[in-house]
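Two complexes follow with subunit A in common, the first pairing it with subunit B and the second with subunit C.
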Partner chain A sequence: MKQFEYINAKSIQEAAEILSVLKNEARIIAGGTDLLIELRRPNAKTPQTVVDITSVKELKGISESNGSIILKPLATHTEIHKSDLVKKFAGFLGEAASVIGAPQIRNRGTVGGNVMNAATCADTVPALIALGAKVTLHSVTATRTMPIVDFFIKPYKTKANADDILTEIKIPKLPSGAKSAFIKLGRRNALSISRLSVAAVLVQDKSGIITEARIVPGAALPTWMRVTEAERMLIGEKPTEKLFEAAGKKVSEVMISFTGRRWSTEYKEPVIGVLVRRALEKCIILLNEVRKNEC
Partner chain B sequence: MNTKKEYKYIGKSVPRIDADEKVTGQARYVSDISMPGMLHAKMLTSPVAHAKIKKIDTSKAKALDGVVAVLTGEELDYHVGLYLVDKRILARDKVRYQGEPVAAVAAETLEIAEKAIKLIEVEYELLKPLLDVEESFNEKENLIHPDLGNYSHLKAAFFPQPGTNICHVSKIRKGDIDKGFAEADVIVEREYNNPSVQHVPMETHGAIVQWGVSDKVMIYTSAQSPFTVRNLFCYTFKLPHQKVRVVVPYVGGGFGGKAGIHFEPLVGCLSRAAGGRPVKLIATREEEYNTLPCRCGLKFKIKTGLKKNGKITAQKLVLLWSAGAYADYAVNVTRASGYSAGGPYYYENLCTDSYTVYTNQVFGTAYRGFGHVELFWGLERHMDLCADKIGIDPYEFKKINLLKPDNTTATGEIVTDSSGSVRKCLDAVIKEINWSGHKTNEEKITEIKSGKVRGKGFAVLHKAPAMPTNTSSSCVIKMNENGSVILNVSATDYGNGTYTPLTQIIAEEMDIPLSKIHVAFETDTDRDPYDWQTVASRFMPMGGRAVINACNELKKKMSEVAAKVFECSQDDFIFEDEKIILKNNPEKFIPYEKLATGYVFPNGNAIGGPLIGVGVYIAEGLTNLDKETGQGLPAFNWTFGAHGVEVEVDVETGEFTVLKIASALDVGKVMNEASLKGQLIGGVVQGLGTAICERYVYSSDGRLLNKSFTDNKIPTAKDIPNVFVPIFIETPHDKGAYGSRGAAEHPMISVAPAIGNALKDALGIELTEMPIRFEDVWSAMQKEKTLVG
Partner chain C sequence: MKKFIIKTVINNRKYELSVSPNQTLLDLLREELGLTGTKRGCEVGECGACTVLINGEAVNSCLVLAPQIDGKEVLTVEGLAEDGELHPLQKSFMKHDAVHCGYCTPGMIMSAKQLVEENPQPTEEEIRTAISGNLCRCTGYVQIVDAISEVQK
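Presenting the complex of A and B:
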């Protein structure tokens, strides 16, 4: 059993004040699906204080504002998965949230926790990167907003300071006509950590030519990014299996340029390409459905 | 024994008698129990795999407020063991695996105990850890147990090799192996591998012990076999049996992991050191993986001589069982898998060497299947390869070589009609999966282009209870005032479900409604009669016989009284509808309840007395095996079976799904259909887990790297096959209750090779190591050049 002080913060301000004094001696708890597991590790550093923010109303909810989705950090994976707003304007984020862990984990775990924990296998992050989300951090001294792609430094390391609280994730809606997909490969079909994943977005013009593409692999790179080299290959082209295969191959090359070759590369190198191709194909299937309905 | 064909209760899908308390959470487990003045224990475990203990300093821990007792191996000069007594209660002088308990604390609270553990300082002098079973097998200098020659052991069955790391060898010598190979047209040889895995019971190990005044010891423990715990506890501490009481409350699964003795001696010593206060120790999940025992690893070679017509002329097997740091059940796993190693096939010439080898890893114990899951992985993959090498369909190949009546087994036992039929099991699954031969290469290539490939595979199995020749069971049936009965047995129902069919036996034999039959849970060595152990899938056929015998005794006692009442012969009665009835005059009868505590005549005179029936059963005719040839009669019965599966593979990622699994077992007699189906499906899923994802992973210095559910995964509800088809063959067994055979372990055996064979059918890939992860399928496909365009 670990011993620590527990504070149930009632407002962002209260939580921020506690963090401003305790800094690294305090840890925020929301769903607890990462923190509690971490604390059970034999050599884990026990924080002096755990600050529970689940009573802070301002940190809850999913809403719409000026063409953006506002995800508050306490939104649970279940809430995101069930949100019509997410379904309509950021479909793959909902898909990603729906394959995290198991129902119990999804009911407790929050998107804020997923982002702040910054594990390479975090399932909501590839979609958030592809969406061009922005995160807002608040501390007693400053409030900062930055693109989420700039927020991550390396696995488990972000630009958040010890006294920062994540207060908002702002997501520009996908352009109308865009379709998105998320594919995850785990060791088993539930309660599984992603070994590889891919988030993808495609937009086609009326003639079927791809006008926009976004590809973000998960659990593949040291940090998340859109693979623009692969995206560029798709723009101005009509979708073909060959084209998507080539894009997949490009993602795999980029992955290896970052990670080098390790024991798992033999498998991951071709398979990330397959997942990219499949995610793009899934987008096309959805785009075709829309077109069929329009006709 | 009752042998009529139509039964009122036997075979019916009677609901589990323990269902209500289990689903409502009212069933009491060890962790639910609290005693006045109870202390909480925590262990300090070794961070290194192999080392001398130079120094342990417990002074800071002892000084901590709330700490009542601190123990190290230095204070505990006792040996614990099952067949080979090689273990200390806490490591003494040296540690032999990372995770081994080195010191323990009993304190007022668990928090204090945990704090105290961190204050204990241990100095180690590192020794080279032996992590590879083959390396350890050949090692003569670096000995994990330098005292192997001095350990006491069961000399009739186990043969340690002092001066080596080999703690047992079992041999089978049948026929003339050299002649057999000389006669062969083709010789097929291959190596197979299984890692260690965990039992993963829902309830981890736990014990509460109070070492009371006058050395009266009270033990509550999560164990499968209360009398074995008592016997081994008494052996270790040289205590007389009557002073030690073992109570086993409800148990949340064991799968063999709770078969022997584990925490009880340590917790007992802590209680004694704490002046007789009760002490509780419950394992964390990490300790369950890393400190408590696992399933042994197995590396083995099979060499088979074949005639072109498909007949096996000779087979040689060399099995290296990785026991880990202590012998525990590994030596008996070695022995049982040794005499089973040929599988349910007939061999004129067979040679098996089965070794137990110490390594510096978590020690192995019994695990559902008792070596046969591991053995059959290789054996049934190998038989598929043999068929391939001589160009015969694997089904045809099996039909040629499977055991038939009048054949002799590996140990010289003659197969009879009542032995059961592996052929019937195989035929049933073959039919269920519509096997019509392997796909051609062309068919495979066409299918691969579509992205999803299907394959079919099948594998046979057999297993006998691995038990001493004098294995016995007993029971007591007590009749209550209302004519209901309570059954006392000391084999436990730790999830296996055996108690429910026992009530069906009593209902059938006595014609008492099921609602009036109760089996006492919370098994207690002071209250309940002796049983050897609840292991080896033997309780239904053997314990069932004891229950039938107890019913017969009850009926005899009732007849004696009724004969006096009606002034007739004791043989004149039938037992129906809770009444003893005069055969020739059904108007004359006595309800059971009038006899329950003694019959009273109208004038007040009483005869008889409380009705108690005692039943015993002991295995008869079994013999020890010859040390050099392994010949003898080790098996109470063999249960045969087969699995047939259909898999679908994603050829781009290697992911595969078991679409359907058909499983046939020759159970002799279905005692409770619903319960048996549950047992079968549960076993298949457990087999599937070890087939597709479970394994222990060690660092190069011998630390277990994956001791949690995050890193050592078992299947979830979303990973199990879409379709299960349980098939029960009923070839009556001449000794088992109602003709029944054990079927608890068998569903788990041969699931993995059936999948391996199906993947071979789908893709032509040859897998020889368990588990089969999707990366392994993918890698194997890359090697199969004809398939990759």
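Presenting the complex of A and C:
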């Protein structure tokens, strides 16, 4: 690694002031699981200063406020995975956090880093999009909040300015009775980067009819979004294998409409469909479990 | 480049150290403190050979900057034995022949250490998850899993 200065910021304000002066010459370090790998590359653009925010208490923790989960950016993947609050109100986010990297990465890597780095394979993002999360950015000149779905421009590119710090991710709880699932496909089970993933939410009424559906594929589209064309097919229907297959096929059509046909399409086209079906089936299994317990 | 004075506890011993910002914890342990039990492997957080515990949590020391351990407690494989007696995990690895070339062993043991501290009776699946960030390229994982499963905290 080339040389750089290091500042251990103690508050959001201090970090924001440093960034307001140094702008692109500074990089924030949180978990470091992406940044250190990047800095070690022989052709890396080394920043003048690395600003460590891991001592900033205001950026830590997972809490509840007025029907929302407040996820502070320094929450590690391990913390998210173990959080009862996340388990209860945003189950698939915890699932997604639990399959990132390996324990060593999850102990260190943060949700804020996952969001700000904006890698296509960022596993917490599909769930955050499906949840309708909002991100708050802070700089010395402004604090602004926006839906996370509008935050991403393209892989590794977000609307955050060089002097912005992510200070909060606000997640509306899933409606009561909703069940969620996250399915990830990597090249192997451990320490894998997502090739494709799917985050899904389903709500059924008492007669078993689907009243709400959310489907967000990961690593499939130029940026993350809910595939409303597929979601609409599910609403008002009873879950069947055929229906879920059709929804999967629709997601794969939408994916190809964005990416065009390329060398990997032959593989991804059927596989994303299967992942969608599996994610929806998993939601139904969870919904049935709830029903059994109610009887 | 400005150096930093940090206060840290490594293997239950207090240190006051002068470190460079671009030095990793792995460099500090191996090159400055002579704690070469922690191995240098891939240096991108994939092989787990450099695993140590920071405040009880397994981390890849190649992905931690040395100044970041200011005020923290670090445990490496050298800090496991107490009063000249090997840690039960170390004994169990020997008993089960869970070592071949030995390069992954310190990292494996440190990942296992966090597991048995938090979960004294892990299932096989929990053990496999706990060591999923540690690659072994020679013995295979069966003996390693056996060694860990026999250790009850």
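To be clear about the criterion, the second predicted complex is superposed on the first by the 295 of 295 C-alpha atoms of A that agree within 3 Å, B and C clash if a C-alpha of one lies under 4 Å from a C-alpha of the other, contacts with A are read in each partner's own complex, and residues count from 1 in each chain.
Throughout what follows, a contact is a pair of C-beta atoms (placed from the backbone, for glycine too) under 8 Å apart; a residue touches a chain by one contact, two chains touch by 3 or more.
Remember, predicted model here, so these are calculated numbers, not experimental data.
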First (subunit B), second (subunit C), both or neither touched by A:102: both
Broader residue contact with subunit A after superposition on the shared chain, subunit B or subunit C: C
First, second, both or neither for A:266, with subunit B first and subunit C second: first
Touched partner set for A:185, first subunit B, second subunit C, both or neither: first
Contacts of A:37 with subunit B and subunit C, given as first, second, both or neither: both
Touched partner set for A:193, first subunit B, second subunit C, both or neither: first
Contacts of A:3 with subunit B and subunit C, given as first, second, both or neither: both
First, second, both or neither for A:50, with subunit B first and subunit C second: second
Which superposed partner A:29 touches (first subunit B, second subunit C, both, neither): second
Common interface positions of subunit A, toward subunit B and toward subunit C: 1, 3, 37, 102, 189-191
Subunit B - residues contacting subunit A, complex: 110-111, 114, 286, 652-655, 693, 709-710, 713, 715-719, 773, 775, 778-779
Of all residues in subunit A, those that touch subunit B in their complex: 1, 3, 37, 42, 102, 185, 187-193, 264, 266-267, 270-271, 274-275
In the complex, subunit C residues that touch subunit A: 1-2, 4, 20-22, 24, 43-46, 48, 51, 57-60, 62-65, 67-68, 70, 111, 114, 129-130, 132-134
In the complex, subunit A residues that touch subunit C: 1-6, 8, 29, 31-33, 36-37, 39-40, 50, 52, 54, 78, 101-105, 107-108, 189-191
